[in-house]
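Labels run A, B and C following the written order; every chain starts at residue 1.
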């Protein structure tokens, strides 16, 4: 966005932010409604489509067999990858993955490690020989802000739909036999991520749309399950005061409850 | 509040309004802030880490280390001609962009009588126009009792940091004076840190250049020693 | 934070506008700052400078995780610089890992701050990054070493600016913690950041050739 357009929008935005109103009618700390649809992709082992406002992401999980790492022979893999294709937003150019997608992928992988989303030992079939590899691919269909929040919801709900068959592994003949006895995955915790846009030192907007993200100088992402915080990520940008952080965490905890209910209700 | 005084080290973000604006209210409008200071919401904030300096209780600035030249109006600079177009030369003065030097910006130049300077030659010029939003424009037009501008022939060009160049340009520079006692030489010190030196032989020119480069981090008292060894190197 | 913990050398690269070599404990990072110079037409912004931070591992190749660190450094540097003063230019900051023995992100951030200050580019404020680890007993260890990080339940890197009021600039966390722990960490890290600023002042005083 060029600076002249930004300047005009800034003054305009400031006026209605002072009235605790936003462009789309929400109040500053209101989140958009989220909706969830499970098992939409039949070729995947687990899938989910999540919409938050106009933001839409789809997550598909494929379970494959693989060899574990030598340093951790009894755990499987959970590989998360986010893709932002050029169809989801005009600012993303086709070609190599953009920096934002890479940063989001890295962040999501970190969150999965932090809150131990899955007990990775349940993915082990035979120690040091065979484990399950869960590759979770998340595609963004429409980029309208807070994509990361939608991605995490999609990942969690898709993981809960995954059913992996029991596999027998013969150590001597190295033969595998698949028994048609599907076991659902056990998901340990339900972390919920919420993004805030820091407009200036005075106003913080919850769940910003893409337009608002462009106007905001920085973003603050809090991942929590309602009591424990798994990540509080703020890469640079505008300063933020203690009271504002506490206020954000308070709203995130409320949001976490609603999202948890949503995920549980969908099953 | 951080207590800072003149000739003290200050860091970016420090608020120095209480020093700069002290004294009578009516005198505030006379105060001038220079490089490294900016005024935000009636406060004077430091932008560069360095030493706070003051002159006549009126002019305030920060002396800080910098190597990149940012053009300022009326600075005398030394540059290298980098390209030629039909209207002007493009001169590298060490700033973020090449500066323009129109063919007509020379003494006695006319449409017919063009200056003959080739790409790679060194020129001394004065900055006529400098804004961050446009290419800066330099000129070689000499006025009465101004210093001599235009092409610098032969000689040798060295680069030093901007602070050192400014120190050398002060008229009381001991080093340049003492070197002059040993051998006659010509020198042009640009505000952009480029120094052009010329003397009778290449040997002495290079020796002078090295002496100037070596003296950058020397104390005033050590300069006679340096000049002595410089004299020795001439006589080998 | 002891005297020996932070070490810094300024201007060790001759051909760049600014450079810094900073070690925090056993981790060492070097930073070079080039610019402001004329960018490619596609990157040129007519009302401000673009800031480009590249992070390099000593092995050369970088991972997805390093890309995220790069993003954090980029936005932290950009906020500190007075970008409006250098329109139509670009400032390139290269951060090179020399040795990583824990606290890499905070070392990189502090080194980049020193590098920018050495370059003479105008800045709004300085910033100081402090890392801390939370043990299982909820003890907070400032500037932990590698083993302490690995055995901790949470590891936080917080960045503060040298403004008069306490303001958080950047926060990056791993592991799980409660809100109270986070606030406690902020108190401790903020106190430690003051010492980092004192260290900055000392370094500038030492390198100041004008005294």
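One rule holds in what follows: a contact is a pair of C-beta atoms (placed from the backbone, for glycine too) under 8 Å apart; a residue touches a chain by one contact, two chains touch by 3 or more.
Quick caveat: nothing in here was measured; it's all calculated off a predicted structure.
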For everything except chain B, show me which chains still form connected clusters by touching. one piece
Using only protein Cα atoms, the chain sitting most centrally is C
Between the Cα centroids of chain A and chain B the separation in whole angstrom comes to 54
Note: chain C sits from chain B at a C-alpha centroid distance in Å of 32
Cα centroid separation, chain A vs chain C, in Å, comes to 27
Touching two or more other chains, which residues of chain C qualify? 161, 163
Tell me, which residues of chain B touch at least two other chains? none
Touching residues on chain B, where the partner in the complex is chain C: 1, 7, 9, 11-15, 36, 38, 45, 47-51, 63-68, 96-97, 132-133, 163, 217
Residue set of chain C touching chain A in the complex reads 47-48, 64-65, 67-68, 70-72, 74-79, 159, 161, 163, 165-179, 182-183, 186
Going by the contact rule set out above, which residues of chain C touch chain B in the complex? 11, 17-18, 35-38, 46, 80, 82, 85-89, 117-126, 161-164, 197, 200-201, 204-205, 207-211
What part of chain A is in contact with chain C in the complex they form? 2-3, 99, 102-103, 105-107, 109-110, 113-115, 201, 217-218, 220, 227-242, 245-246, 249
